[in-house]
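Some structures are shown below for you to check.
Heads up, the next two complexes both have chain A, just with different partners, chain B and then chain C.
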Partner chain A sequence: MTARERRTRILQMLQLVPILSVLVILFGGALVMALLQSLGFAPWFGINTFPDFSYFGSLWGSKIFWVSLWLTLYYATVSTFLALVFGTMLALALIKAFPGKWLYKYVYKLPLMIPYTVGIALAVIMLSSGGVLSRFAAFAGLIDDPGQFPQILKTHYGWGIIAVYVWKQTPFITLAVYAVLLGIGRETEEAAAILGARRGAIFFRVTLPQILPGIVSSTLICFAFNVGAFEAPFILGGGFPDTLPVVAWRYFNDADYTLQLQGMATVVSIGIVAGVILFAYLWVYRRYERRMGRH
Partner chain B sequence: MTQVQLNSVRKQFGHFVAIENLDLDIASGELVALLGPSGCGKTTTLRMISGLERPSNGAILFDGKDVSEQAVQDRNVGMVFQRFALFPHMTVEKNVAFGPSVRGAPKAEIARKLDEILEVVQLTPFRTRFPAQLSGGQMQRVAVARTLITEPSILMMDEPLANLDTKLRVEMRRFIRDLQQQLGITTIFVTHDQIEAMELADRVAVIFDGRLAQFDTPEHIYRYPRSLDVADFMGATNIYPGRLLSRNRVGTALGEIACPHQNDRSAGDSVRVLLRAEALDMSTGSVESGGPGFQGRIKARDFFGASVTYRVACNGQEIDVTENARRMRDVGDDVRLEIAPEQVWLLNG
Partner chain C sequence: MARRNDTLSMRLSPFQKIYLLLVAGFIVGPFLPVIVQSLAFRWAWPELLPGTWWLEQREKSMLPLAWDYVLSPYSRVWEATVNTVFIGLVVTAICLAICLPVARLLARESFPGKSAFEFFLSLPLIVPEAAIGIALLMIFIRLGLAGSYAGIIIAHLIPTIPYMVRMLAAVYQGLGREFEEQAMILGARPLQILWRVTLPMLLPGVVAGALFTFLVSTNIFLLTFFLGQGQVITLPTLLFSKISGGNLDTTAAGITLIVTLPGIILLIISERFIKEEAFGKGFGS
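Moving on, here comes the complex of A and B:
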């Protein structure tokens, strides 16, 4: 390596320092601290039983933990899948010309700019048993009293949670897939149509493999968020047993601060589960990519 | 082999009229070029024939049958796109087998046809490669093979040589021409390059602003353009205003020029005189008084390898003369220019 190349290399490393510092200190440091606490290291609380796996033992040994995990994954997966279906359909529609498209292109992005908490409030206003929909149903004579309206919120089916996530994440996935669709253009779809492919074959054999990078990256982000988010399941969920982030929040919020270690074990468990699922997802995708000749 | 007819076809996008009352009659097995500048509507015409666009008015007929409303999948046409439009996630063989596969052909038949067509386009050694691993010419051949394997009744190509380098263009031009002649398939291609159109096509349809300006053999379009626009687009540079002195003699600023007998015009008519640069004979020496030809002096010289074009100042005008580059003249040389009457073409003035 020449002196000039060495200087360039050092300069490049220096340019990376700001982002690396944030990643290593804030993210990496927090991760290490969380792991240490979950293993019994919290001298500032007067606890130091490191290495102590009892927090994980009691958590994973409880049947409730697995119900909570199931609920967490169920809400995250169903919301991500529905947002993916709606987002992809919307993106496919947006690349076609239709009257008022310019307006629609702005309107569909609105949920992206509105905070989750506002979305949750909207869900309460619209979907609760005393909400707009129930009153409208009563007004229209579909039910005798708003109280008879089927319970959408605060059930373990999580319709409210799923609705908020889908409402917020559909435009996000649309944006990602739409950008990829614009990049690939319409020629391959047209070529497929001329070769005799019908709509289904065009989508599954030509379009989908090409928009997969956009789908994978956007669903990865949505799923990771959904697994870790706590406001929507806390406000709109069915109560005990809660999703894992709500369980962790309850531990952190307990008057007994020593329960924070149990909370950390819960957080680390969420991290492990989400990490394993996301790495498996990426691994499968990379294998597919290699099979498709993309390296 | 299919005959293609366009009857008063019109295409409008919003307020913009892309094609206006286009009539075209393409014979079975013919190779036709749609030629025109960018945005003239030639690609729109091709897309309407393929079924990717529906005409706003008029009819498109295949062998006399109206297919204007028929879905693209049901027309059995083939299209080679300008940027090839290969499926990037499929290997060469999967790209080529896509058509028969979506049409539900038996696997054994697909395999047999695939082997055959890959041989024809000389891509057998590359069958497991992905498009990103191919050169421009190879991608072009995959695109052609992918289309031909479906045995289309009409083959369409959108600027088929535009994305290839000069050497490959020559190769692919020959390849397309040979293949078309071998298969006898009705072929329509779009180009903005008049040389490409003339070299490949049996007939050329020149389109300007969505209207058909001329539909004729390459030779006729080149030698006998019907309008000033066509002449200009076909590369004519020596066009001068003139007036007919008699039915076979025209007066211009260059001097008097003998022309073919004008049945439809009479003395006194104002015309435009087209003198093809390569039709002019240039020699040293001077014009005898009252003799044929004009006297001039070479002002500039452009060397093109095989040919050389001189800009000659002549009676206050400038005239381009193209000669074989075997013999080179120098700037400043005095020359005599002559043109045979049958090489002179008159346009309405």
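Moving on, here comes the complex of A and C:
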């Protein structure tokens, strides 16, 4: 390597410094600090028992933690799956030509552009016991008191939470799948149709394998977001036992500040669970890709 | 043969027509009752439309009602809007400045550890926000950054960087280096090349990336709420505080509509700049 080349290389590395410092120091640093604290390192509270697994022990030892974990994963999985099905169906319809398509392409992206809190407000006005659906039910003569309307929000079934996630994430998955569909064109589907494949076979054996990269990357992002989301379960959830992010937040704001370490153990647990699931998902996907001979 | 033509046709099947209408209804429909609610004075169950409208009572009331309240300083809507836009603009500017060189390197050069670096760049998208938020808050409290604009702006960089780098790298890939080389041969200095050749050619992509970053930043709730500590309010956190009780009264309905407005404006602007293809890139592969 000549001196000139070395200088270029050093210049290149210097350009990476700002991003690396944000990501390594803040993002990485936050995760490392969370891990240290969850293991009993908090000298500013006068607590330093590192390494101390008792915070994880008492967290994982309680039954409530596992209920919270189950709720968190249940909301995240069901809503990601529904958004995937609805989004893929929408993308398949959007590649066709139809009148008013330009306007539709504005309309379906609206949820992408606005905060989750707006979606929560919509869920409240539609689904609460005094909400629009309840009024329609009364109009149809099905109920004559708001109390008779089946409770949709604030239950552990989480219909309200799932509705908000699906509302917000269907456009996201649609966009990802639609982009891939535009890229692959329709030749392979046409070939399959000419060879006599049925519609179902064309979708599952020709189209789906090709849009899989878009599906995997968008569902990864949605699932990870849903696991770590706070506002929807906080407002629309069924209360105790809460989802893990809400549990962590409650520990963190407790008057007893030593509970903050328990909160950190919760935070680290969220990270571990999400990490294990996402890496398993990617691993299965990579294996599939290799079997298809694509990598 | 009819079946085959149907499969291949570029027209919608009847099922798809109904499906498109249902999805549009699901997405836009719930806004109708919010608009009605924001204009209502009294909307008792089980009325389908309010019994008394806001305008009817407006003259008689001593206190500001619904929209009068939303647009008054008491609701803090204006303060939240200014904060949201200010934070969004600063985040976009910083993000652009630090992502441009990295995007160029990723698109054009190869260096040791490049694929690991790319994977690391997309990690913030798949680490749950609550984990980052609470862990950062712990650090920011020690540093005195909790509840400050600086703290929130720095935190907003974490989820915006991955998108910005991807979008800019895609633009650099489409842009050959011949033009820059020509300018160099003709004796232009590096800064001149950047300012007069590279940036103008990158402009559409830069605008798209900037719009998207601004959009992501203005939509962030959790990081602002955790790290703002109630001292810095933005539109999403203001709305959260209004509906956290699980009710949507008339003023909350009005604020919901106000919070939706920037998104609609961005939607109309960005449709021209943000290409759908930008979202089709694989993840970490």
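Worth pointing out:
In this text, the second predicted complex is superposed on the first by the 291 of 295 C-alpha atoms of A that agree within 3 Å, B and C clash if a C-alpha of one lies under 4 Å from a C-alpha of the other, contacts with A are read in each partner's own complex, and residues count from 1 in each chain.
Note that a residue touches a chain if its C-beta (ideal position, glycine included) is under 8 Å from a C-beta of that chain, and two chains touch if they have at least 3 such contacts.
What you see is a predicted model, and the numbers here were worked out from it, not measured in a lab.
Residue contacts after overlaying the shared chain place A:292 against chain B, while chain C stays out of touching range. In the overlay built on the shared chain, the residue A:201 is in contact with chain B alone; chain C does not reach it.
Residue contacts after overlaying the shared chain place A:86 against chain C, while chain B stays out of touching range.
In the overlay built on the shared chain, the residue A:255 is in contact with neither chain B nor chain C. When the two structures are aligned on the shared chain, A:190 is found in touch with chain B and with chain C. Here chain B and chain C are compared by how many residues of chain A each touches, and C touches more.
In the superposition on chain A, A:3 contacts neither chain B nor chain C.
When the two complexes are overlaid on their common chain A, residue A:209 makes contact with chain B while staying clear of chain C.
Contacts of A:140 after superposition: neither chain B nor chain C is touched. For the contact definition in use here, the residues of chain A common to its chain B contact set and its chain C contact set are 190, 193-194, 198. By the touch criterion stated above, chain A contacts chain C in their complex at residues 9, 12-13, 15-16, 18-19, 22-23, 26-27, 29-31, 33-34, 37, 44, 86, 89-90, 92-93, 96-98, 104-111, 113-118, 120-126, 128, 130-132, 134-136, 138-139, 146, 153-154, 167, 170-171, 175-176, 178-180, 182-183, 186, 189-190, 193-194, 198-199, 202, 213-214, 216-218, 220-221, 224-225, 227-231, 234-236, 244-245, 248-249, 252, 260, 263-264, 267-268, 270-271, 274-275, 278, 282, 286, 289, 295.
Interface residues of chain B, counted against chain A in their complex, comprise 50-52, 72-73, 77-79, 81, 83, 85-91, 98-99, 102-103, 130, 132-133, 146-147, 150.
Chain contact summary for the complex, chain C toward chain A: residues 3-4, 6-12, 16-17, 19-20, 23-24, 26-28, 30-31, 33-34, 37, 45-48, 97-99, 101-102, 104-105, 109, 111, 117, 120-121, 123-139, 142, 154-155, 157-158, 161, 165, 215, 218-222, 225-226, 235-237, 239-240, 243-244, 246-248, 252-253, 256, 259-260, 263-264, 266-268, 271, 276-285.
Within the complex formed with chain B, the residues of chain A that make contact are 187-188, 190-198, 201, 205-206, 209-210, 292-294.
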